[in-house]
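Pasting a structure below so you can have a look.
Chains: A, B, C and D, in written order; residue numbering restarts at 1 for each.
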Amino acid sequence: MLLDTPVARPTRAIVEPPPAPSSADDTLLSLLARNAATHARRVALRERDLGIWHEYTWRDYLDQVVALAAGLEALGFEPAEPMLVIGDNRARLYFAMLAAAALRGVPAPIYPEVPPEELAHFARERARFAIAEDQEQVDKLLELRARTGAPEYIIYDDPRGLAGYAASGLIDYETVVARGRARLKADPGLAADLIARAGPDDGAVLLHSSGTTGRPKGVLLKHRRVLAAIRNAAAADYFREGEEYVAYLPMAWIGDFVFSVGAAIALRFVVSIPEGQETVLRDLREIAPTLYFASARSWDNLLTRLQVGIDESTPLKRGLVAFFMRLAIDIERRRLAGERPRPWWNVLRGLGELVVYGPIKDHLGLGRAHRCYTAGEAIGEDTFLFFRALGLNLKQFYGQTENCALTAAQDDARVRLHTVGRALPGVEIRIDENGEVLIRAESVFDGYVDDPDATARTLVDGWLRTGDAGYLEPDGELVILGRVGEVVHTSAGERFIPNYIENRIKFSQYVRDVAVLGAGRPFLAAIVCIDMEAVGHWAQVRGVAYTSYADLSQKPEVYALVQGVLRHVNGVLPPPLRLRRFVNLHKAFDPDDGEVTRTRKLRRNVIEKRYAQIIDAIYAGASEIEFEARITYETGESGVLRRRLTIMDVGA
Amino acid sequence: MFYRLAGVRHTSYAADRALWPVPVDRWQIRALLALAVGAPFLLPDLYLTSYLLPWLVWSTAALGLNLLMGWAGQIHLGYAAVMAIGAYGAIHAVRLGIPFELALLGSGLLSAAIGLVFGFAALRVKGLYLAISTLAMQYLVDWIISHVPAISGGSQATLQAPAFRFLGVPVAGDWSRYYVALAVCVLVTSFLLNVGRTSFGRALAAVREKDFAAAVIGVNAFYFKLMAFWCSSFLGGVSGAVLAFCYYRAVTPEQFNLDVSIQAVAMVIVGGMGSVIGSYLGAALVLLAPIVLNNLVGAFARAAALPLHQEVLSHIPLILYGVLIVGFLLFEPLGLAKVYANIRNYFLVWPFRHARH
Amino acid sequence: MLSLNNVEVVYDRVFLAIKGVSLEVPEGGMVALLGANGAGKSTTLKTISGLLKPERGEVTRGEVWFKGQNIAGLPAPERVRLGIAHVLEGRRVFEHLTPDENLVAATSMHRDRRRIGALKEMVYDYFPRLKERRSVKAGYLSGGEQQMLAIGRALMTEPKLLMLDEPSLGLAPYLVEEIFGIIQRLHRDGVGILLVEQNAAAALDVVTDAYLIENGRVVMSGKAEALKQNPDIQEFYLGGSGKKDYHAVKHYRRRKRWLA
Amino acid sequence: MKKVLATLTFLAAGLAAASPGAAQDKTIKVGTALDFTAVYTFLTAEYSQGQRDYIALLNARGGIKGHPVDIMVVDTGNQPQRGIEAYERFKSEGAVLVDFLSTPVSRAVVPRALNDGINVLTMFHGRSDAADGTVFPTIFPASPSYWAQATAIIKYIEEQEKGNLKDKKIALVLIDSPFGREPIPVFEELSKRLGYKFSAFPYPSPGNEQSATWTQVRRERPDWTIIWGAGGGQPVSVREAIRNGIPIDRLASVIWLSETDMNIVGASQTKGALRFEGVAYGKDVPLIAAIEKEVIAKGKGAGPAERVGSTYYNIGVATMAVFAEGARLALEKEGGPLTPAKLKRGLESIKDYTADGLLPPLTITSEDHQGGGRGRIAAWDGAKWVPKTDWIAAHQDIVWNLIRQESAKFKNSGN
């Protein structure tokens, strides 16, 4: 009895004949009801709260959704109505999304860090209903209401700090559910009715495209679209039944909806929700997912963290890691190049698995991750090889909000660095004469909300214009070059895609962000944001004393370091496109300052405007500049900081 | 390297307080238990009876003393006397026809009762004064045992352990004695492993850290100190009885003299205060190192044909033993348990150096 | 006078306490080290005064320079001789000795009686309160008096750098003012001061420069004036922009950005 | 990490080195686990040297009936658990006889030895009641018990007082331990029989400090004083006796009083002190002379030559001589190889064995493992011990009463 400690054991993927994920008549609700009927007691959701994982079975899941839907309806929620969902990933927020969908409404998740004034852009649909995670979000919504009159009802999950609020329409989640339960009790047929009400052509979710240039556009995805996308992916063995998945990506992002809600319901994943953003890494380890999805950026950060950690380690451990990683990367490189596996690979890899790969994967919480994915932007070769060498089957895929994130994906037999894989079954890809990637599939959306012009530009003759430039290799593998609109020219007329060069620079662990300048300018230059952790450690090892990020960024040694990185990238660029000058910025790009989107894509217009002074100085040949930086705080306040920044030539 | 923590999660606070949340630890314990149960089949009798068996019994005893010293922060220099009370008590009880199981309990209770009396007297004082008071207990009990023939067993001062049955099975051979010792050891170990997780254990910890601070959070320091004396004496008595019945098979006063008390204290300190595994490691080092060193030096001297006199040869292990103990304490003042923890940490964070939290 | 260069401290071999901490106290300077509980402030001070060993801490990387000498390897008493005095958090006066005896206890390196007398008088000059209570057992002194005694005891070693760990902890506001006043006076008299404080408002009012430490790393440094204006510091360390309505405390999840 | 690995290897090596090897040839194995380092240090070195030198002599002469003897020596530090470990190891090595020269260790081992049938030689130590061979079939004191020593001393005093002990005062100064208290019943019983006035004066163990006790003794003004201790306490007793005006020639000791003790107090000052002797002293004994010639002179001695012939050296020789005689008889009667059981029967057929004058005539039977209880009284002449009596045994009825009484208790107590 002593030994049999009641610790949660890994939930095993149950071996069953693969179910048909869904049919064309299904909705998320009907599938949820199916799961609750066939796998009532299997865990569907897990949510960490105060250190403990609270579990919801499929029956609990359905029960919550139905009760909440009944409650919402009692409040007057009507079909086709949007419902704002704002906050970090929480089980109740997911329940609310499905409850809204059950009432044929449209859940509209929003990035939780969005400041109040920006919220207005997202909320132009004037939603009457909103669900908020906590006091912070409630305050934002109340401010939104003060400005626009909506939302009328604000339902909240975490009541902390809200006891004294007298605002009308502010309701505790529990209260709504209780009201719903009362209705369900009074009307035995209501539950079945609520499950059956939504049809495949009702909206499942309203998302907002990231919008690197203008305002975000509303993308409405119907049940039919989402489920088709998941069917396509499942047909390519992209997801399997019963995966363990950690829902940590922002709920407002298509990736999270497709993985944590769509695929999770269609294929009965066990979705675990971390306690908070600060604990994601630790919680990830507690879950040890079988399916893991992260942006290229996160993989890079993960690698940086690992490298710093290993660098700090004792010589023996460091030596072992260096030896086995070099070995594994070499093997992986050969394998990707198509070399046939040799027996000794397995022997050495087996030993390495025990000593190095296994422990590292365990630390990352990826010891059981059979499927690891990245998407969104190009991943660095070092990063890609490192994680594949660790034994993680890391693959790239390609997609966009408008096509439910699932367009093309690599399969095990054809994993390559520069491709994003081939079209999923059920998806047609065509490259038009301008080199733009066009898509036709059942999963493609039906148009932007309230924006017929944009819809007309994007959906042409049944094809989705992605705005990405790319080409198909002879074997059907898709290669993405960048955004069509991003091709720019220097004043000398040299054509280049800044994003392409930026990605190459960002492959260095020392660079967190970079903006490549040069459109309409005589030469290319860069504004670099260093990676605090990697550069900090680098400085520490070399005895370069520093205090803050700003201080570190301006150290001559750090300039030399960045210079080296840029020279390396210059080596692969044609001479006219080589970077000539650069500046290390005193702060990292931040979505709060509008410099990057919430998904960390550069907003060039903002950068050009904000750092005009610096950019002018770069092109004027100055060697330093006194810069007044405006900073916006998350409270909405802003301040000014005066900074002296060095501008340096990259040189040869 | 061996520790895999991914996937270890808890769905309740009860599970969160599990003894061994880490799978490797659980496997380790299972393997050790299996080895312990299978030892008679695996080990030659020599090692079973003169290494493993006394080690288990002394670990049990060290655990009892550790409860007092490590958990409750009270010193006891008369622990051998407590064990003697248990040993003599149990033997007399079995000779009077009381079943061994009851005698074992009775001997524990007797030790606990006498220990408690001394605890009362001793607990009016602290630290060094307490050490002296417990020392007095050692002398007093020694004196009484050797001067009352009714207790010590006559002019030869040896008392045979009578034949006995445990749970209905006659305990006669080395194996059955070993299993009795193992059973008691496992029971006591489980008790101590769980003490830290009970309110009793937490109260003891509070008393250990600062008794008047414990008082202001509602912990009756005096009561818990007494309880610690009581429990520790009970365990001491039981282990003394097991030592007498399963190992010595005959008791004499010399088996429980001051040296033995000092050894018990050494086991706790060298092993690590307040540590279960430390009690095992400490008992192993203090008990077995002299024997192993002796054999080692002897074998080495024979192999190398050293022209050393036996007297010199006999003292080398003692010197090495001293060096070993001082060395361990210098190397890791918190005892062998800490050495173990360091090794565990080294592998827990493998291949990194620091714990990241 | 004092400079820390990329110091990394590990406790118990595995727990990283501070990493890459660099800071500087100029000759006769007055510098504050700010930060929340557990940020690594006390560890930093102990690194300087050489008190890590008893806590199983170890400097695994970096240098500590004092007056042109790398003192990282020196034992604590050596460092006191060089002129570094550390007033520990929680005062730690010798409770069973009188203030007088406490002060004399700190002069083991002097043999000259007259010198000791002069030093004692100097301390009593700074802290007249102590003089009044010079022959009471230190354990019976009030918290503020004990703090004064702790500082006074450190002064007996004639420090060139005085490090104070949370001198205002648990003291009434008027006492905090008094102690900070004395610290300022010491500074004017030429003693370099390194002040660790949670009471950022009080600290930033007296020092010239400050470092902000978070999670064992320095995240911000600069002139006290500039830091005082920084909205992050104001929000997290100065209790918002002055007025605080405790009825309306927000349970926001804050992201600190540390822009400087 | 490396340190730990090193330690583990070290320990593993320790266990491996210590593991028993199975040697099943004609060699007879004897195990001696002695206390070289703790309490018995006052005699162990000489004792062990005598044992090994005698075995060397035996082997040089071709062993016992062609069987060489291997004597294993190990230190126990007087710790029972180390003694038990040594015993178990000897057992696994196939020892036919073991010797522990430590009362606590012997006592701890007795139950095991009785169970295993291995012979334990406990000459001049261990349980006195083990003389009862019916209760202790494999324990061989083979020497006068402390009770027998007490009777012999009284017998000597009786002779000196011309057979009249009426109203004589005899004081016993003893170490306050079971060993010290052991002879008290004998002295009390004899005082009833012979009419002397007996009083006991215990001093606390270990006996470094006895002045308080001896002040009381002086007040008592005893006619005869008997000291009952061992090791470091003995010279202290002698010195205190002299200081308190006890006539030195009326001071008698249990067997544990050696020339070393006399030299510590002062060789000439102590002239006349008496002791019980169970084994002849000096090099003049033929057996010791033979060892000197055939072993020591050839450089095969196990220790410093000057120890040869000392009290404890000779006791060591005597123990092995008794063993060898028993083994010889066993092999003669039953042939090889020698098993513990055969050796037991061999030992029990020893008859009037004197080991070339080293021992009083020794006769062991299956009932009597004491061997007759004979000894003699010797006096210190300033340089050596001079026998004052022949080998004598007295009042054996009292001795055997006690032996039977205690062995009966033992028999009732256990197994």
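What we mean here is this: a residue touches a chain if its C-beta (ideal position, glycine included) is under 8 Å from a C-beta of that chain, and two chains touch if they have at least 3 such contacts.
All values derive from a computational prediction rather than experimental measurement.
The chains other than chain B, grouped by which ones touch each other, come out as A, C | D. The mean-CA centres of chain A and chain C are about 45 angstrom from one another, to the nearest whole unit. Taking the mean of the C-alpha atoms as each chain's centre, chain A and chain D sit 88 Å apart. Rounded to whole angstrom units, the spacing between the C-alpha centres of chain C and chain D is 72.
Work out the mean CA point of chain B and of chain D, and you get 35 Å between them.
For chain A, no residue reaches two or more other chains under the stated contact definition.
Residues of chain D found to touch two or more other chains are 1.
In chain B, the residues that reach two or more other chains under the touch definition are 346, 353-354, 356.
Contacting chain pairs in the structure are A-B, A-C, B-C, B-D. Those residues of chain A whose C-beta lies close enough to touch chain C in the complex are 113, 134-136, 139, 158, 160-161, 164, 276-277, 536-537, 539-541, 543-551, 587, 590, 592, 629, 631, 633-635, 637, 639, 641.
By the touch criterion given at the top, residues 10, 12-16 of chain C touch chain B in their complex. Residues 2-3, 5-8, 10, 46, 51-55, 282, 285-288, 309-310, 312-314, 317-318, 320-321, 354-356, 358-368 of chain A touch chain B in their complex. Chain B makes touch with chain C in their complex at residues 342, 345-346, 349, 353-356.
Residues of chain B that touch chain A in their complex: 1, 3-16, 18-21, 26, 29-30, 33, 190, 193, 350-354, 356-357.
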